[in-house]
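Following this message is one structure expressed as structure tokens.
Going by the order they are written in, the chains are A, B and C; count residues from 1 in each one.
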Amino acid sequence: MSSSEQEIDSLIGQKYKEGFVTEIEVDTFPPGLDEEVIAKLSAIKGEPEFMLDYRLKAFRHWQTMSEPNWAQLNIEPIDYQSISYYSAPKKDSDKPQSLDEIDPELLETYKKLGIPLDEQERLAGVAVDAVFDSVSVATTFKGKLHDAGVIFCPISEALKEHPELVKQYLGTVVPETDNFFAALNAAVFTDGSFVYIPKGVRCPMELSTYFRINAANTGQFERTLIIADEGSHVSYLEGCTAPMRDENQLHAAVVELVAMDDAEIKYSTVQNWYPGDENGVGGIYNFVTKRAECRGANSKVSWTQVETGSAITWKYPSCILLGDNSVGEFYSVALTNNYQQADTGTKMIHIGKNTRSTIISKGISAGKSQNTYRGLVRVGKNADNARNYTQCDSLLVGDKCGAHTFPYVEVKQPSAQVEHEATTSKISEDQLFFCQQRGLSAEDAVSMIVNGFCKQVFKELPMEFAVEAQALLGLSLEGSVG
Amino acid sequence: MMEAERVVSQYPAQYEKTAASLAGQSVAWLQSIRQKALASFSESGFPSLRDEEWRYTNVSAIEKKLFSPAVQDEIGAVDVSWLNTYRLENAWTIVLVDGYFSEALSNLAGLPDDVQVLSMANALEQCPNDLKNYFGQAVNDELHGFIAFNSAWFTDGLFVHVPTEHVLAKPVHIIHVATQAGYMANTRNIVAVDGMAKAELVETFIGCDEAYLSSAVTEVFVGKNADLSISKLQVEGDKAYHFGGTYVVQEDNARFEHHNFCFGGLLARNDIHTDLGLASECDLNGLYLGVKRQHIDNHTRINHLKAHAQSKELYKGVLNQRARGVFQGRVLVAEQAQKTSSEMNNRNLLLSNDAEADTKPQLEIYADDVKCAHGVTVGQLDEKSIFYLQSRCIDEETARNMLTFAFANEMVEKVKNKDLHDQVLQQLLERFPQSGIEQEWL
Amino acid sequence: MLSIKNLHVSVGDKPILKGVNLEIKAGEVHAIMGPNGAGKSTLSHILSGKSGYTITEGSVTYQGKDLLEMDPEIRAREGIFLAFQYPVEIPGVSNIYLLKAALNAIRTHNGLAEVDAFDFLKIVKGKVKLLEMDEQFLYRSVNEGFSGGEKKRNEILQAAILEPSMCILDETDSGLDIDALKVVAAGVNSLRAADRSFLMITHYQRLLDYIKPDIVHVLADGRIVKTAGPELALELEAKGYSWVEEQVA
């Protein structure tokens, strides 16, 4: 037996037979990653066998891969053996019982962002039964979805209730072989959202991770799968503007979206993972693989994101435009300050006929940060009449940061029209002076101008996010002016 | 994880026999450079698809073909009447045949005493100290295998030096001619224009219809307040391989203009890099045409190292049949390069289902008080323009032909030297990737 | 010359022209005025053959022939000329080439011999003088680097050389200052003839002070709602478009 198994054995004093687990109550796995850890993870979650096979296959593949090496990012090597790959949900009695127990600085941030009180409680992890409202809201919400036939639950639950559905789609958009972090995620993902919208259904409300029923700590290796069947429509919101701290430094999520004929998925993200202190120490590494397959004719997927957090961000939400007349969109605001580094962008792959893609990327660099846009627009040989329009603008605040744009355009079809434009500039003295002459402080002026710069993206966000996102930008730029 | 092994190149073994006959045998610093370059090439070989700057251009055929080093005694005869069609009426001309200077075919009569225009081999013999401060200063052998190869085995080239305040009365024209199949010519050129001087250089590349490799590395130094314009007309043979690297260092207030016409060759790659000094200016222009199975790759790099510099760039491509056009326009703005202004555009027209355009406009910016923009299009002619011509009685097909030609012709119109302009225009008409073009449209 | 009957035109699903009726006889000068969004530009585009519109009902007959059947270049060769509101720039195609090609296309279409270079230059130079333009512009690319006023003058110059039978002026006065307007108007007036008709599309009455129309129409909400003599233009100027709409409602 390995030492980790001995430890567990002694902790729980139970007989353990490989591959056969009854009830185990475990708090946290000790750090380390091998096939046994994965088997245990799968067992604790009570997954069907195909899932364990999938995880092990991914793990074996991961072992043959090496970390990606992007020229612009500067990161400390990650020790994958020092991470613990499972952590049980906190019991209510262990959670804070009210906001009084929460760090006042955190509360101050919530206030600045305009987050309502009961949401603050949820975010701060205050125990559920101490918050009356969230229970009733959750119940009404669940009811509405059920009536519409929409499935929205944690993936762990979906694996139990709808295993066939998960099996049919999981890993078909982002195979475990896709990249280093996708392989790792496929092996050790903890939980995430599963959404299935049946044919012809327009999801009656915006789905938000706020309302995910499972209170488990799913943050680190999150896996999300959203399927919009023919003629359906769904808008999904992820993340929140409040700074999310986590003991775990590495976050490697995978999001797969599938849109069938005439279906539409709108996926919005506001991400503000802890970016590290002013000296860049302790921030979160956020490596995400997000991809959508517009499988059906006339399908559409829209990615909208506002990224202000993380010490390191590496994500390229992409659309594979397979179906004829399908549409892919990417709207992004990425802000970096202090020592943050972001290498983000998108890939639009045009395969079907008459496909269209739009990319609007706004990067704001401040402090000593590095902000890079990396995008790919590829038009295949048979993608007749493909259309792409890309606009990448970078705004520099201060002269110690960097803004970089590395687009790749590959076109094999003569009837395609691909247009890419990028500009880089700073907030002009004239603009600033004008605002100040109208009574605004320099910081407010910058905030206002930056919001104007990002308007094209903000208007794509669901309203509740848009308002918070604007406040978030202001907050994130604090201290960068002057 | 295991690194895929680099194919060990056969070239060093083939070429070591020529080492003793190369120019500059007695120039110690050059020998040292050659040896280091040889070591560098032996280790890295020619670039591979895994190198970021070569991801779209596969040069493995060059390794397979193992081009023989051209040897002076074996140079073929040149069809003089054919060569003469490429001469400029009013210029000082140097002709390099298979990488070797041909005095008989060149014409340097009337060159002012203080201007140096001579073959590299002669310069290494007569005035090696003049070259020492230039050689290897504009480009590093580590950049990629073609540079190192060139440093190690170049046979000849051109050395031009225009002294302070001298305004060169005529352009200097260098014609590279390849006469034999299966051979490689490596030429090394140095062009130095001192402070406040003004000069024009034209490079023409022509060759036979069989496979050969022409590799030219040119280091350019533009002094303070100087003005240099270089035009390149590459009309190599249909089966030729061409590498042309032009690496420029611009001092404060220097002005550099480049016109790059890539029409020939089976596989052609150009590097055009420039380092901009304080308040200097560069204007890079290019036109590439691709037919049949041509592969044309232009990688440009503009480095704004100091403040107040201005850069402008426009490259256009017209690709038909199975041709492939690759373009990179990289602009780097260093931290102290405030008040930089930069604009870069690449426009491509694809005329067939099998043609391909790959383009990478890149901005790497570390200063904030800058105005940088780039734009890239791959696509079609402007519908409004087509309709306008139709409303003026021109049928749709003719309108499209006219606009496609006008698209390319815009780059030819920028050539100020009338003689060269006419030559380039003639080449454009002969080689245009679309038929139905009428001379009288001009 | 031109007969438009019950013309209905849509862009996508949106109807723009909702039953336009218009008769223009040879030698007449008509003006169409109307509020923005009435469909004035749509009308000029339909007549010149621009794509992107759907004709859902109605007909347009030109000199007895079905105009809507003809390709744009054929309409041009048959004698229809559109002076664009926003003339496009065509780098690389010289003004003189375009003029010669267009003129020869028309002549060939009409069974005449092509004009030779010498004669052509004579014709052109005369007209250039008339429009107070610099001869050098002939060798520049079409509209490249031209100011708004120069572009509009270039349009009229083309009309002068191509001698159309039906000349449509789409907001020719937009963007012109008073001096440029006078020159353009003089050019247009010099083209008036018994076998030539004009259709001026304009938002403002100002142009009509210089090019006096025989008949003035008001196009509102996709239909011609009022037709009268030149005094209608002055009434509109004084009372505004809403006056007409009230009258018609």
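The rule is simple: contacts are C-beta pairs under 8 Å (C-beta built on N, C-alpha and C of every residue); 3 or more make two chains touch, one makes a residue touch a chain.
From a predicted model like this one, the values you see are computed outputs, not experimental measurements.
J.: For this structure, which two chains have more C-beta pairs in contact than any other pair?
T.: Per chain pair, the contact count peaks at A-B.
J.: Measuring centre to centre with C-alpha atoms, which chain is farthest from chain A?
T.: Looking at centroid distances, C is the chain farthest away.
J.: Rounded to the nearest whole Å, what is the centre-to-centre distance of chain B and chain C, using the mean of the C-alpha atoms as each centre?
T.: Their C-alpha centroids are separated by 49 Å.
J.: Suppose each chain is reduced to the average of its Cα coordinates; what separation in Å results between chain A and chain C?
T.: 56
J.: Measuring from the mean C-alpha position of chain A to the mean C-alpha position of chain B, what distance in angstrom results?
T.: 45
J.: Hunt down the residues of chain B that sit against at least two other chains at once, touch-wise.
T.: none
J.: Quick check: in the complex, which residue numbers of chain A touch chain B?
T.: Its residues touching chain B are 64-66, 71, 379, 381, 394, 396-426.
J.: Quick one: which bits of chain B touch chain A in the complex? Just the residue numbers, please.
T.: Spelled out, the residues of chain B in touch with chain A are 1, 52, 335, 338, 348, 350-380.
J.: Which bits of chain B are touching chain C when the two form their complex?
T.: Interface residues on chain B, with respect to chain C: 382, 384-385, 387-396, 399, 402-403, 405-410, 413, 440-442.
J.: Can you tell me which positions in chain C touch chain B when the two form their complex?
T.: 48-51, 71-73, 75-77, 81-82, 84, 87-88, 90-94, 97-98, 101-102, 105-106, 109, 141-142, 158, 162
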